[in-house]
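Look at the two complexes coming up: subunit A is in both, with subunit B in one and subunit C in the other.
Moving on, here comes the complex of A and B:
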């Protein structure tokens, strides 16, 4: 099929409609309508079961004054920060893997394993690793002569960071795969040319490869930050946001309010604020990372 | 060519949407009436085969018997585990799609459902089919404004279970007072044995320790219940002192390391793996210590229990923290309400004796156990229950969902040493007063 066939397709409005309609329908029904509804429920005093009572912006005002909400927001942003920083590590791994080292193929598959596990399985795995008296981590620490290793998921000053580790580990394979694919797309001739000019492998990596996949890197920054801000799974399974809110993030706080405290209206308001915060952050990142010049090979 | 392929995919997609929609329609039809004229009652419970094998089996037997006796009624079953069950019921209720018969907890938990007209009143069954069959006090917990909305299935008291082998090894005896309990803790710690298993990530377990201390320190008055019912204050000296005692226990390393990060299941497995000497839990775990064949006989034989000790000579050891566990509700908006009620009534009648003999828990219905061959520990617990002077319902069940969440968070903070006993009491007093 030639290019001109494609043009014929694109000029037929009906066919364009036919192509886009199913996706549009799904997005409207599954995403847009619930979003609007949650904003609307946020205006109500509602326990999720009985009658609703309209209370205007009271839930939103209460949320802005709720120290627990801000604490969970801070935790979400910390997660976003750590996720973004860890991207550099993933990039480094991908650079090494893509430089045709021995066993790269096998390693690439190993890095992908966490992605194939469900979040709940990962959570159960790390709960076992972190177990204060029988866990693998503390057993190793005690073997090295540390008498009182921390109780990772119980200590309010550690628990948040202890959960960050499996979250970052969980997504390593995903980002490494993206970077690996992008790196493989760089024409071999550029690398050859650099080699002939006497560039070291490090120079090739930092001055040629990385700038060439910068666009991909920017996309992953947005992905990881947005993903972190609305993160929920491992936190919910491993600590439910505890102890006493020490590992609460925005999404888990929203869930707790709606489903444990039976405060559906307030929970919806938090959910809507989460959306707004994520939107603002996305716009800011895109502004900051916008590039003027398109890369051409 | 590509266009043709795309259209094919499109058609397949649309056809599958139509088929799915049709299936959905079928389901709804089935709910009320199927082709043969038999009615279907949808029933949800929270005893999956994996974690509650005996419960699960008995429920299936009762359903089979009921269907045999009532050929025109079919029971459509859905089983979820505890936490998932709670989540699903909540979601179903917001879209007004509760199962015809399901399980509920008492008091504060069920209140929003009753106020939202989700549960059908069951007084007619209680007064006819089931008159005089419940242990007194159990249906009351499932009542709002003197109307019963739930039929209790279990009755529990919590006691401290302990490992006799470990106690014998260090020459320890069942404590009568908190001071004796503390001495036991000291001895065990000196010998490198974990004294008490606690999984305070599920903060209701820590709440039981707090409730018992409050109960003992409060003397004859049930200060905690009074505070929750707003007849008293949460800043009552006994409630503050109980919080102080909790922190003293924590400071003496009474509980396993990292308890605030452990789930109750993990704490239980430490106790059952003989890694901890004591474990405070309600009698719903009795099968694990008596009849459950999956647990080694040697361990089951080594488990004993004692009542929560008195504190500084205060408190009545026959006063317990406990109460009815889950009960059955019938959905107010059910299309087959009469059939659902008939099933509920049948279930409760059949459950009583089988709960004793086949499951090994204590039902909320009166059962004559004299003629039955039961494990000694079960008989002892039953006798204790019969001579109980008071049973204080779990605080997080008594409270409304909103305040219960505050209570559970505060329990974690208190055990974790993040707040003082005074702050602990004040935060909850504020939450209760704000309602």
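Moving on, here comes the complex of A and C:
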């Protein structure tokens, strides 16, 4: 009898509506509808203020022929590639850290600090570090007798790589923390068994620990690649895509089109393409990592 | 041999730590120096005569407004996010209805999407609703865009709440609202504190929405405000350093006190994806 009441109470339609409505309203109005509208606005010639004029797929066709769009896409994918490769380095640090190192807890806290700072503060700090004449980096280089150190952010051929260093600095602690947590979850008995069988620490790390946290590693691959494709704040503040587009990425190009050139129609089309590209890449990586999994078993 | 190996490993780990911490120490040091000392001197040196007036200059310049805006917007958005997310998570995990999976899926759409794809339509909506240059636009955007991650973190805990707790409450004649506000919310306090921390960090550091939707200085938060400041102080490194230190100090202090909770929150926000 009581249980019957219980089911009735817990499936009260009005209550369910009341509790989910605020969340649903916000998500639909401020996330789902804008995403769809972005594709729709992409079909318009529009300066953001005046009337829209329907121009069909012209913006999308223009984007495909726009070398600046392709360059920024290439830069975004380069960042994604760097980010994915650097995961191996983070994993190596986490493996060392998790192998009963004294002070591991303090170290991983230190590693994490940059992750907590705003991208704006990080960008401003690294602008100072990279300052050609008075920055920390060139002061150190000149100390070592390098007379003409690079101008880092002002040099189109290295700016993208220069920007990648603060990105590593920002995220290293985050990935190390995740790997460390996963490694600490491995049952001690497995490691002990391998030790008894005479496995070296390196063998234990590569043959036992890494395969056991492969699922976490796959999640971080998706996180880092998708995160890189939509990366914006730090680049926008450090170089705003310059010099001359050398560090432009998809999000910064879209932002510039919309909020500097007031080309809202074309900007929307680029924004929508960013969404499509991100979704496609997410699906592809998930497919790729899933199939590897099947081979393993 | 083994000993040397360990020492090498420690050297590696310490170098990484140095790389992570040194830029921040350098920032603290140059925030207390004069330009002369920064440009001519050794970047590793402590300030000979700490210039606290750099900080006074920044406060006189009006960073207080940005600071206050960051605080109230962060707090209001965090409280609202957690209330809305807890209610939705409760209905999705504890109540019986057919569409719960669909609704959860819809909320989770927000996890992976690039916010830039929604930015122009959002801007247009707020413009039509007269909410551009109004902090309300920032608060509701923060609440919405933090809902997916907050629900995701809460979800794990909510599914483990024993049925008996609900049964006992309902049989005792308690209403669902009472069950939710008096029983479920209090027992979810530990996981809620994790979401509070994640939300606070996200909101405190958010940049794009404020940069796009807010134009008046009186509503800007620190992330956008320090951009103005730094433009103003172009060549005064000490003042720029002080501005940056003021903007990052609250987070660093919070980390000193709540580091375990913060690490737990960051891990939870990533791995469950």
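One rule holds in what follows: the second predicted complex is superposed on the first by the 264 of 297 C-alpha atoms of A that agree within 3 Å, B and C clash if a C-alpha of one lies under 4 Å from a C-alpha of the other, contacts with A are read in each partner's own complex, and residues count from 1 in each chain.
The rule is short, and it goes like this: a residue touches a chain if its C-beta (ideal position, glycine included) is under 8 Å from a C-beta of that chain, and two chains touch if they have at least 3 such contacts.
Keep in mind that this is a model prediction, so the values were computed, not measured.
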{"item": "Fit or clash between subunit C and subunit B when superposed on subunit A", "value": "clash"}
{"item": "Which superposed partner A:130 touches (first subunit B, second subunit C, both, neither)", "value": "first"}
{"item": "Subunit B versus subunit C as contact partner of A:33, first or second or both or neither", "value": "second"}
{"item": "Partner chain(s) touched by A:233 [first = subunit B, second = subunit C, both, neither]", "value": "second"}
{"item": "In the superposition, subunit B vs subunit C on subunit A residues touched", "value": "C"}
{"item": "Touched partner set for A:259, first subunit B, second subunit C, both or neither", "value": "both"}
{"item": "First (subunit B), second (subunit C), both or neither touched by A:19", "value": "both"}
{"item": "First, second, both or neither for A:48, with subunit B first and subunit C second", "value": "both"}
{"item": "First, second, both or neither for A:117, with subunit B first and subunit C second", "value": "second"}
{"item": "Touched partner set for A:244, first subunit B, second subunit C, both or neither", "value": "first"}
{"item": "Among 127-135, 145-153, 199-207 or 253-261 on subunit C, the segment whose C-alpha atoms clash with subunit B after superposition", "value": "127-135"}
{"item": "Footprint overlap on subunit A, comparing subunit B with subunit C", "value": "5, 9, 15, 19, 22, 48, 133-134, 259, 264"}
{"item": "Subunit A-touching residues of subunit B, taken from the complex the two chains share", "value": "1-3, 6-7, 10, 13, 86-87, 90, 93-94, 112-113, 115-118, 194, 200-201, 203, 256-263, 266, 270, 275, 400-402, 405, 409-410, 412-413, 416, 418"}
{"item": "Touching residues on subunit A, where the partner in the complex is subunit C", "value": "2-3, 5-7, 9-13, 15-16, 19-20, 22-24, 26-35, 37-38, 41, 48, 93, 96-97, 99, 101, 107-121, 124-126, 128-129, 133-134, 136, 139-140, 169, 172-174, 177-178, 181-182, 216, 219-220, 222-223, 226, 229-230, 232-233, 237, 250-251, 254-255, 258-259, 264, 267-268, 271-272, 274-275, 278-279, 282"}
{"item": "Residue ranges of subunit A touching subunit B (in the complex, touch as defined)", "value": "1, 5, 9, 15, 18-19, 22, 47-51, 127, 130-134, 151-156, 159, 239-240, 242-245, 256, 259-264"}
{"item": "Subunit A-touching residues of subunit C, taken from the complex the two chains share", "value": "9-10, 12-13, 16-17, 19-21, 23-24, 26-27, 30, 38-39, 42-43, 84-85, 87-88, 90-92, 94-97, 103, 106-107, 109-110, 112-125, 140-141, 143-145, 147-148, 151, 166-167, 170-171, 176, 180, 201, 204-208, 212, 222-224, 226-227, 230, 237, 240-241, 244, 247-248, 251-252, 255, 259, 262-263, 266-267, 270-271, 273"}
